[in-house]
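Following this line, the structures themselves.
Same chain, two partners: chain A is paired with chain B first, then with chain C.
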Partner chain A sequence: MQRSFLMKNPSVMIFLAVLAVFTVLVTVGSEAFGAGFISTSFVKTLGKTLCLALIAVAMDLVWGYAGILSLGHFAFFGLGGYMIGMWLMYERTKEIVVSSLSQGSIPPTDQEIVDGIGSQIFGVVGSSEFPVIWAFADSLFLQLVLVVAVPGLLALVFGWLAFRSRVTGVYLSILTQAMTLALSLYLFQNDSGLRGNNGLSGLQNLPGVTASQDDVSMWFFWGSALALALGYIFAAWIVAGKFGSVIRGIRDNEARVRFLGYSVEGYKLFLFTVTAMIAGVAGALYYPQAGIINPAEIAPIASIYLAVWVAIGGRGRLYGAVIGAVLVSLVSTFFTGGQAPDIDLGFYKVQWVDWWTILLGLSFVLVTLFAPQGIGGLFDLVSGRKHPDRHGADLGPDKGSLQEEEAER
Partner chain B sequence: MGTNVKRALIVVLALLCLTSQIVAQDAGEPETGTPDVAAVELGPIQKILQENSELILESSRRTIQPAIDAVANSGLEAAPSVLSTWAAREMYQRLSDGLFFAAEETGDDIFTLTDFDTGETVGEVSDDDLDQVKPNSGIRGLIATALVRFQLNDPDPDTRREALQSLERNANADLLEPLRESIVLEDDPEIKARKERLEKLITISYGSDPEVRIAAIEAMSGDLGVDVRAALNPLLTTRLRAFEGAVPESANVAEILRPGSEELSREEAYALVGGEPLLTDAQLRGALADNIVDGAVAGIPVAALSDPARRVDAYEALEDAGAVPQGATQADVDAALEGVTFAAVFDQPNPAITEAAQEALTGIETRVGFFQIFDVSLDALSLASIYFLAAIGLAITFGVMGVINMAHGEFIMMGAYTGYVVQQVIPNHTASILVAIPLAFAVTFAAGVLLERLVIRWLYNRPLETLLATFGISIALQQLAKNIFGTQARPLTSPDWLGGAVVINDVVSIATVRIGIFVLALVFLGVFLFIMKRTRLGLETRAVTQNPGMAGAMGINPGRVNMLTFGLGSGIAGIAGVAIGLYAQVTSELGQAYIVQSFMTVVVGGVGNIWGTLLGAGLIGILQKGIEWFNPSNTLAAQTYMIIFIIIFIQFRPRGIIALKGRAAGD
Partner chain C sequence: MSQLLEVSGISVTFDGFRAINNLSFNIGPAELRAIIGPNGAGKTTFMDIVTGKTRPDEGKVLWGDMSRNLVGLNEARIAQEGIGRKFQKPTVFEDQTVEENLMMALQNNRNAFSVMFWKPADVDMTRVAELAAEIGLANDLRRKSGELSHGQKQWLEIGMLLAQEPKLLLVDEPAAGMTPEERAKTTDILVEAAKTRAVVVVEHDMEFVRRLGCKVTVLHEGSVLAEGSLDHVTANQEVIDVYLGR
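Coming up: the complex of A and B.
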């Protein structure tokens, strides 16, 4: 089964090979295990980019294949980050508190340690009590479960509510955007229990690990690469089978699939929840490399950027999502990091830090208008695959997959 | 009249005594010039001043009061002028004879002296012979209070009002009597009402007769003024006290408290009773740390002391050994609390007064609560009109045309920045607003037409692509605004006639700018209805929206109609931007703050129906303000709950409050 699936989808093999080569190259070039021509901070950037590619794959499943433009997947990404961040911050602070308390002549009681951690973590928001949601913060296993459970549960409840009442299309997009906004506004409060707009910080330090950041960054890079590979195989497996056919059918004509007897809501809900879980995992790998997470990361705009990556890369094909995410986020890092040279026009100096977002926005409009296949469409040129010669304009999702002039025939 | 005669007599007697005193004094100090002349001609007020001259010259806030009182209570006509001259630092002492005069510098270092008693000019003196009396600000305050009673009866109403104002700020018991006297003489009804109100307030706080105080409390019980509550609240201050056995009759008990309850923890109760101090965890730890012997405390190894129970064991062992003081245990606390009654006792001993005050306060609070609901409703209405204003453009582009324009918020921002730029050019606020509104419409209309022509036209029927493409425009426009205007907020100042607030009473008030926005929202509602129902463009728009092919067959140019309609919706967003900019800060993120709420407003209300948008804005505004009212100081939480509510609301009415039926529904 597995063999035949991979044989049937050569693009998966190619992708995995490219990812493997890339991972080996970075390992060889890293400061920790190789020649050292790739700096640790760049290794972190690459590792983060792989996480973004993973959530882009999830987004592509939901949007490119099922036609649900979710503007909430970055919220799930952030929730995953928060869940792992709670454990990292708790254990890290515990180490510090224990070492400072054991300086005293009397060994500390458990309660004293917990109180110390509480005042360390929540001092910035004027509290020292542990909120209820931190109940499992001392257990890595439970927090890892929460990394997938919390985004999954939120997606399940929200998706059930939304799909049940047949909210589709742009309404669903706006609704998911509202959900994201509500979540980020909630987290911005100081009494949300997650340190308000301070967020969780110091996540790059792994508790109980004495290895240098050079090593840790490589571990996370490998972890991210592995997660991306597994996520990609999983996504490819999902879309390759009958399930994939059904969700593509839902994208093209939801009513027709429903009349064929499929439980459209069930399929959508499953896909929405699973991709939220993948997003949670991606977030849990991303934020320890970023070192800090705060509610601004969850703001609706981040989810829209995610859609932009997938659209530029080419939706409806998994490698397109990966290409879009990797390319746009790396180019963004290049331009906003101040590395790009300014362009002197004589009368005005174009500073890329200021003008990059404008360029991105406009190029995005151009891609939407003129290259709906995105960058991934270039591969069709190479492989010689041709799109059917359709007539007239797209009629939109509600009218099915027919084009304007075909419908009139 | 009788009292006046008596006073005059007393004054005369006092004067006689004084004269002899001063003569004696002056006789003892030969260098102060001609004593006999001064002694003979001293006026009554001058005598009082002389009597208190030491205090006056000492000019110390602690000791000056008797001197002020002596002048103020003299009953002499000259007293107020002396006090005001004194406070104005225009009172001088002539060094040659020690007499006090009002002096005015009329020439170079030459002062003209005026006698207080006669009001006549005495002569001109060089400043070498004068010493200015310099009261500090504290003393001037005391003098001002003393002056109040004279000013209360001043013929000039403005002076009386000022006096009342200063009395309101620092009332005290001494002023009660003069105030009451002045009420009878008052002929201005407005000032009289104010005086009567103030008299009651001071009576509540400082009155001596309980009956009168209760009457005053009851009279004020319907008043919403903050000052009334400020006068009543001090009457109800309580203190926690512990009594052996039952509470004595004499105490005015507010509430009996049980230790261990929410209001009174056992520790607090124990602290009230007194006794051996409770051992805190920190003290326990400290005591143990002080008694480590060979790595163990009282035989228990230090490593085992991470267990709280073992810590207590160790401490008890130390107690037995006498190494540490006895610490109170829970049993001690129980024993100490046994048979003791705890009560919150009013500082005010008279139960009748506290009862009346409580009743009055409850009544006032009920009324305040009622008006607060009214006030919150006004706020909600104003917020609703802001949302409506932000959403009405969207009701055209999204509601009627079905185009998702994520850059709608940026059109609002463009309008606000247009207002700002106009204000830089035209400094007159009223004129600049009048120019800014049509200009903002023009700018955003043009931007909307451009957007429709270049982008949206190619994406009709592909709403998700429209959403993403306009989002690209949105981030580009936002960054562009940031590049041009910077990241800091730009002010858009409203004209003076929109600057104030309409105050209905101490609880209810609303900023005029919000009323303006409300009116503007109503105007736009009318404009929208007129254009859609009564004009050719509205008819064509509706036709094109329902069936573009058929509309085209009827001779309507769908492209042109779509372009104009989209421009109209965008233009209205620009005007909304000017209005919103008047009360919010203009930043590049202004539009972003409204975009989600605007879409929510349209979706909740029901797409394609302006009344639905109106209801949606009303619902969202009321919800947000209502939640804020229950959970004040937390607008973030209010927004969160509001959005969650909307998500649930859409479950039950997926097509909004007013759902289109039949063919117009579009499916």
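Coming up: the complex of A and C.
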């Protein structure tokens, strides 16, 4: 009898249980629905952290399992955020424009309303015309479709070009980084149509919703938790079966997989595109909680941080990616938020806002050198998962023939 | 008898060095063939061309009853056509179990979406168990293949090839680094495999080739120097000069 997928993968069950308990705890402690010892702003921080965990899961799929070190996934994350941000900003501005125009003696025409929204949104970049890319901004449904479609399409085209030419390893990383940089530089321009370096703001205000931010923050927190749960189940399901075998094979020996008859490029392209879509969803949940998105969020450094989280948490295991993202981003919030006390050495004052990046860099180097399995590797000590480790001297004439311990059996 | 693989007049040049020079080679549907030749004779390049890794400058590689030209197809397409290849160095996926390695190689749809929804059926489990028994790894299905000994890895790779159910098997130095008993077993596996399909073995070791007891093709400087039984080619003066005499 076939056992169900969840029964065969206890780590998924444990993860979902931990996530559920965490969600209940935060709900009970929130200002909106519970005792109120967790502030609304901290609920937002936690909700954003869950979104970061989701993109880390996507990164682990593409890097930890398939060996593609993408330095572009935060670009997909940002694009997802921009897509939902366009609708939020358009509808919110429309409410304001409509209410101010209704003060007039004659009711405004539709064109007057659209012009009003345009000058409100684009006045900051010296324009009042809607660029073509805002064509669907008044439709929540279409913008939600674009949240996955735009990152997915960009990843599909970029991946097709890169994988087809068999660009691998560090060269692919450099290419993805170049894509990220180009996108962020483009968005910095005022005529990019997305308000240049001002970005989109006021995203925390949901149009047509009168509930307080206390409530809204909890809605997004739950949404983020649900998205993370679904993303995690999907990723765990995808790596558990033969597909997982094939992509781990691609990571370890691409040529061999090819000679087995699998289209390596097709698998990479599929995975790259799907994880870009997951990143888009994560971004669409993240930025309404952050309230603002601007091109600096897309800069390559963000994607490098993502790789650091996954490496510290443990590549090639999904819970490792989550642990890395949650831990490092929360600790980072602690240190850069001015909460960490400065250390006065007498001759020099260690200010954590500056020194945090050095601490992070140092821990990255240490993990790479001494604990390549990352923090997630600690679970191996409990679960007894072993890695191939052959001891003893070779007995035969050639390297790799029977070894002492094997021969003794 | 019609030929399974018909390589005619292929040449390839790397940076001015002519690795394969107007080489022609035929093999039938159920035949065992050994290819011998000194280092640099073009044995591995020949395999690279047949499997699509290297593209010849000229010549044709005709395959199957339809005499389809394989030149220009990619590695994965050629593998799907039914050509399996074993590398000199055992290349199994060390981080995965013996069972996972064999499952991946099983003859099933290679499309990403069907692989994603694929579940091993009873026939697949039976086939994997059969293969494991054939290559002497029946008790090691759950072990990570990285823990296997060198010889066991070689067999696992041969098992993966058999799982692909190829019509043609290209085997590069299968006995390298094996103990005498392991060699004997490898010979048995290859002879058995050649009863139902074509098998081409590239080998340095004359003793091993003798045990295979099959037709031998001698390569030298990128083309065929002699062809026939082992006794026939070893009696050939040219072969002695370029290869055996040294």
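The working rule: the second predicted complex is superposed on the first by the 386 of 409 C-alpha atoms of A that agree within 3 Å, B and C clash if a C-alpha of one lies under 4 Å from a C-alpha of the other, contacts with A are read in each partner's own complex, and residues count from 1 in each chain.
Note that a contact is a pair of C-beta atoms (placed from the backbone, for glycine too) under 8 Å apart; a residue touches a chain by one contact, two chains touch by 3 or more.
Quantities reported herein were computed from a predicted structural model and do not represent experimental measurements.
Colleague: Is A:V246 in contact with chain B, with chain C, with both, or with neither (first, second, both, neither)?
Modeller: After superposition on chain A, A:V246 lies in contact with chain C alone.
Colleague: Quick one: classify A:G266 as touching chain B (first), chain C (second), both or neither.
Modeller: second
Colleague: Between chain B and chain C, whom does A:V145 touch in the aligned arrangement: first, second, both, or neither?
Modeller: A:V145 sits against neither chain B nor chain C.
Colleague: Applying the touch criterion given at the start, work out whether A:I238 contacts chain B, chain C, both or neither, answering first, second, both or neither.
Modeller: So A:I238 only meets chain C here.
Colleague: Is chain A touched at more residues by chain B or by chain C?
Modeller: Of chain B and chain C, the partner in contact with more residues of chain A is B.
Colleague: Starting from the residues of chain A touching chain B, keep only those that also touch chain C in the other complex, and list them.
Modeller: Common to the two interfaces on chain A: residues 396, 398-399.
Colleague: Which part of chain C faces chain A closely enough to touch in the complex?
Modeller: Within the complex, chain C contacts chain A at residues 51, 53, 74-76, 79-80, 84-85, 87, 91, 93-96, 100, 103-105, 110, 112, 115-116, 118-119, 144-147, 149-151, 153, 160, 164, 176-179.
Colleague: Show which residues of chain A lie in contact with chain B when the two form their complex.
Modeller: So the residues of chain A touching chain B come out as 67, 69, 104-112, 158, 161-162, 164-167, 169-171, 173-175, 177-179, 181-183, 185-186, 188-189, 300-301, 304, 307-308, 311, 354-355, 357-358, 360-365, 368-369, 372, 393-399, 404.
Colleague: Which stretch or stretches of chain A touch chain C in the complex?
Modeller: Counting only chain A, the residues touching chain C are 2, 238, 241-243, 245-246, 248-249, 252-253, 255-256, 258-264, 266-267, 270, 386-390, 396, 398-403, 406.
Colleague: Touching chain A in the complex: which residues of chain B?
Modeller: Of all residues in chain B, those touching chain A are 281, 285, 288-289, 292, 302-303, 305-308, 311, 404, 455, 458-465, 467-469, 471-480, 482-483, 592, 596, 599-600, 603, 634, 636-637, 639-640, 643-644, 646-648, 650-652, 654, 667.
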